[in-house]
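The same subunit A turns up in both complexes below, where it pairs with subunit B and then with subunit C.
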Partner chain A sequence: MNNLVILPILIPLITATLLLLLPKRIKLQKLISVISLSFATIASIVLVHKVYTDGIQTLEIGNWRPPFGIVLVADMFASLLVLTGTIVSFMCILFAFRSIGKGRESYYYYAFTQFLLTGVMGAFLTGDIFNLFVFFEVMLMASYALIVIGGTRSQLRESLKYVLVNVISSALFVLALAYIYGLMGTLNMADISNKVAESGQSGILTVVAILFLIVFGLKGGIFPLYFWLPGSYHAPPYAITALFGALLTKVGVYAIFRTFTLIFYHEPEITHTIIAILAGITILIGAIGAIAYWDVKKILIYNIVTAVGVIIYGVALANETGYAGSIYYLVHDMVIKGALFLLGGAMFAVTGTDNIKKMGGLIKRHPLLGWMFFIAAMALAGIPPLSGFVGKVLLVQGGLEADHYVFVGVMLLSSLLVLYSVMKIFMNCFFKAEVLSEKEEQGSTKGLIYPSVILLALSAFLGLGAEFVYPYVWQAAETLMDPSIYIQAVLKE
Partner chain B sequence: MKVNDLILQTVTTFLAFIIFIFSIYLFFAGHYTPGGGFIGGLMTSAALVLLLLAYDIKTMQKALPINFLTVAAVGLMISILTGVGAFLFDVPFLTHAFQYIELPILGKTALASTLAFDLGVYLVVVGIAMTIIQTIGESE
Partner chain C sequence: MEIVMTIVAGILIATAVYLMLSRSILRIVIGTGLLSHGAHLMILTMGGLKRGAAPLLGQEASSYTDPLPQALILTAIVISFGVTSFFLVLAYRAYQELKTDDMDKLRGNENHE
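And now, the complex of A and B:
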């Protein structure tokens, strides 16, 4: 019994409902959003600390024992993601204060972001696989609204594709759930894990496992199911794309981790090999996309795809170093993708375009923006003092331990391509000859930079303070490595 | 030619009440027999839709000056707060209580706090259904 676990879900939910009641009071909406996100951040910090000191925290909703009722489980993996997700969305909303515009604000923008947050946090914390589906839907409904809010031509077109893809993947999710319920007779993840272990993961269960991989792959954007992602993420404004890039695909990634480390880990020759191959191709596809485009937003979006590939590969490594690397990289990637999209948004606010060829010489009047973009680019590529380095080193180490030399090669090559793609933005947009004179600039970066300052500081902390962060990550990796810790915490046998 | 829907309007004023009462019955029946907040809410919105068909949106808004989006939000708030109420008794979120109570007319009645949760669901369903219908009806 510990109601602390539900606070990261409950606070945004109550806030969203409150915001629905006052659609036209925009100042008040901003104030409520800030207050609630501060509370949510504090609650998730307390949660991480509590999990670190006292082990996995569970909450049996409605006081029903686990296999029968819904249980919320906060292990270290979930609570780290909850904390990072809350902070990143806090910064995205601060960015939105000055960039999203009155039209969108008065049509429930803040309420939808809080609903999105409810869904994401719920997906991280739930211990029941049908409840995971419900929270996926909460998150997706809010994201449908956010992708179309404002109603520009490209948003309408892309939201149609996005909704179509996600409705199909949700239907597949329900199908997969029906199969697993038909086979195992339970929906509690710890209980499913027990029963799958008893029956030894027969052929049909492996088929269901691959069905789950397809479902979560569609949500998370792995090859060959990433096709909807570049277009859909390109349509909405930067404040919304930053939220999506930092949170939505990561939930799919989290679900893959959860299912393939907790439930379907008995036939790694089949499932984990498939994951490994797909992850490798995803990394390459993302990197190729990132170097191919001359559009700031497109480049950043393809970098999401690369990162998803890198993180997913951790599942296939299936050793503690690999898991720790993936978790570190996942946390880092949420922070740095948020920062990069927000910086891209600030660049868009100045120039009014995403086209790299139409920018140049921004460093003269926006030195802070320029050097921050440089630092973010370094962190993304994994240059030592910054956060991307630790995760990648651990992944390389895990890859070498598991003799996955091809993966190590692909990952190091992809780092190079990723670095090239973001340096292309930096060199062309901030140096070169000046394109826009002071009068031609579309707007100012006033108030748009400080959210990314905070995110970059967090990224630097993740890199420089690795000593401090690593025990937390290691505890998360240990739980992933040994499902019995999770099962015992939930079922208390 | 002027269309006269006198019969439709007369029958509707009468029928809407029967449908409304039936929906309330369904809402309260939910704990022991088929029914509940969702179907009750849908039936209530069916009664309101029938009124919309017989009259027009402006008449409806005069007769029922309610912002249905607010209804949905209030319903959501009620459902959440019944869950949060459990915090006061130091039990997990959404733990419900159940008791038999002697009511003046109905006699011994089973009262569960899930009823408050269901009331929230009912209001959300009515609010959302009516918001959708009114929004589509109003847009040109």
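And now, the complex of A and C:
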């Protein structure tokens, strides 16, 4: 019993409700957002510390014992993601202060971001699979509103597709829940895990597992279910895409981890092989997409797909090093994707275009922006002192331990392609001949850079302070490796 | 009884898939409606369709039907209701703005504005 667990969900929820009451008071909205996100950040830091010292924290809502009531569970994996998610969205909202524009602000932009945060945090912390569905819907509804807010033509066109894909995946989620309830007669994840372990994972359960993989794959954007992602994420402005890129797909990834490490881990030769193959292709598809385009946003979006593939592969490795690598990479990727999209947004603010060929020589007047982008690119590709390195090293080590040589090869190759794709942006946009003179520039980067400075500092800390971060990640990996820790914490047998 | 319900849900979902693959936005929205009908029927069916009193303690019966799927279905209905109404308004706005309801004409890439 610990009310701390519900704070990361409750704070944004209350804030969002409050923000609905004052749509035209933009200054006040900004102030309330900052205060609430500061509180949420502090609460999640305390939560991580508490989980680190005292083990898994649970909250039985309404004092109903699990499996009968809904239980919120904060293990290290979930609380690390809660902390990272809160910080990244904080920075995205700070970026939005100067970039999103009055029109969107007075139509509940800040309220919707808080609702989105509610859904994401709830999805991370819940211990009940139907409740996971509900929090998915909270998150998706907020994301529908955010993707179309402003109502430009391309936003309307892409949001139609985005909504349709997610309606279908939600219906599939409901079907999968119906099957699992019909088979197991319970919805609490720890209890399902127990019952699956008792009855043995029969063929039908493996089918349900694949159905869950399809559902979460649609949310997370793995091959061949990533097709909606490039178009949909391209439509909204950068502040919103950064939020989506850092949080939404990661929730799908988290759900895949949860289900396949806690519930369906008895038939790895079927499920985990499928995940491995799909993850491998996802990495390649993302890398190919990233090198194919001459559009800053498109390149960054395809890098999301690559990263999702890399992280998902950790499930297939199913050893502690692999899990630790995936978790490290997941945390790093949320931070660095946020930073890259925010830097891309600052570039867009200056040039008014996403097309690489229409930019050039930005380094002359925007040296800070340029070198920040350079550092972010290095971190994304996994160059040693920065954060991307540690996760990839652990994944390579885990891959070698499990004799997955093809994966190690694919991942290292993809790092090269990813590096090429972001360096293409850096070399063409910041060097080369100057395209826009000082007068032709659309705006300034005033106030747009410091959120990404903070995110990059965090990324550098994740890389340089690996000694400090590693015990936390290792504890998370241990819980994933041994589901009985989770089950005991929830059911207290 | 479960078999009949499963077949009905199967037909609903097949129809929904057919409608969602068509070109008109309105047909697609109707398809999503049928899809959620099918999914909701499946929740009810998978919970078991055994005979028993309605889950009201006032009925004082010896056995009741399973109340949990009914609570799940109620939640899922409200959610899909919300999403559908949003989708309809979105389709209407898109029709006003883009002057077409043909999904084939809404294809596009980043530079197509």
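A few notes on this one:
Following the convention adopted for this analysis, the second predicted complex is superposed on the first by the 493 of 493 C-alpha atoms of A that agree within 3 Å, B and C clash if a C-alpha of one lies under 4 Å from a C-alpha of the other, contacts with A are read in each partner's own complex, and residues count from 1 in each chain.
Simple rule for what comes next: a residue touches a chain if its C-beta (ideal position, glycine included) is under 8 Å from a C-beta of that chain, and two chains touch if they have at least 3 such contacts.
Predicted model only: the values in this text are computed from it and were never measured.
Residue contacts after overlaying the shared chain place A:Y144 against subunit C, while subunit B stays out of touching range.
In the superposed pair of complexes, A:S159 makes contact with subunit C only, with no contact to subunit B.
Of the two partner chains placed by superposition, only subunit B is touched by A:N63; subunit C is not. Of the two partners subunit B and subunit C, more residues of subunit A are touched by C. When the two structures are aligned on the shared chain, A:A178 is found in touch with subunit C, with no touch to subunit B. In the superposition on chain A, contact is made by A:F130 with subunit C only, not with subunit B. After overlaying the two complexes on the shared chain, residue contacts for A:L10 are found with subunit B alone; subunit C is out of touch. Interface residues of subunit A, counted against subunit B in their complex, comprise 1, 3, 6, 10, 13-14, 17-18, 20-21, 23, 59-63.
Touching subunit C in their complex are the following residues of subunit A: 130, 133-134, 137, 140-141, 144-145, 148, 151, 153-154, 156-157, 159-161, 163-164, 167-168, 170-172, 174-175, 177-179, 181-182, 187, 231, 234, 295, 297-298, 354-355. Across the complex, subunit A is touched by residues 20, 25, 28, 32, 35-36, 38-40, 42-43, 45-48, 68-69, 72, 75-76, 79-80, 82-83, 86-87, 90-91, 93-94, 97-98, 103, 106, 108-113 of subunit C. Put simply, subunit B touches subunit A in their complex at residues 69-70, 72-74, 76-77, 80, 83-84, 87, 90-96.
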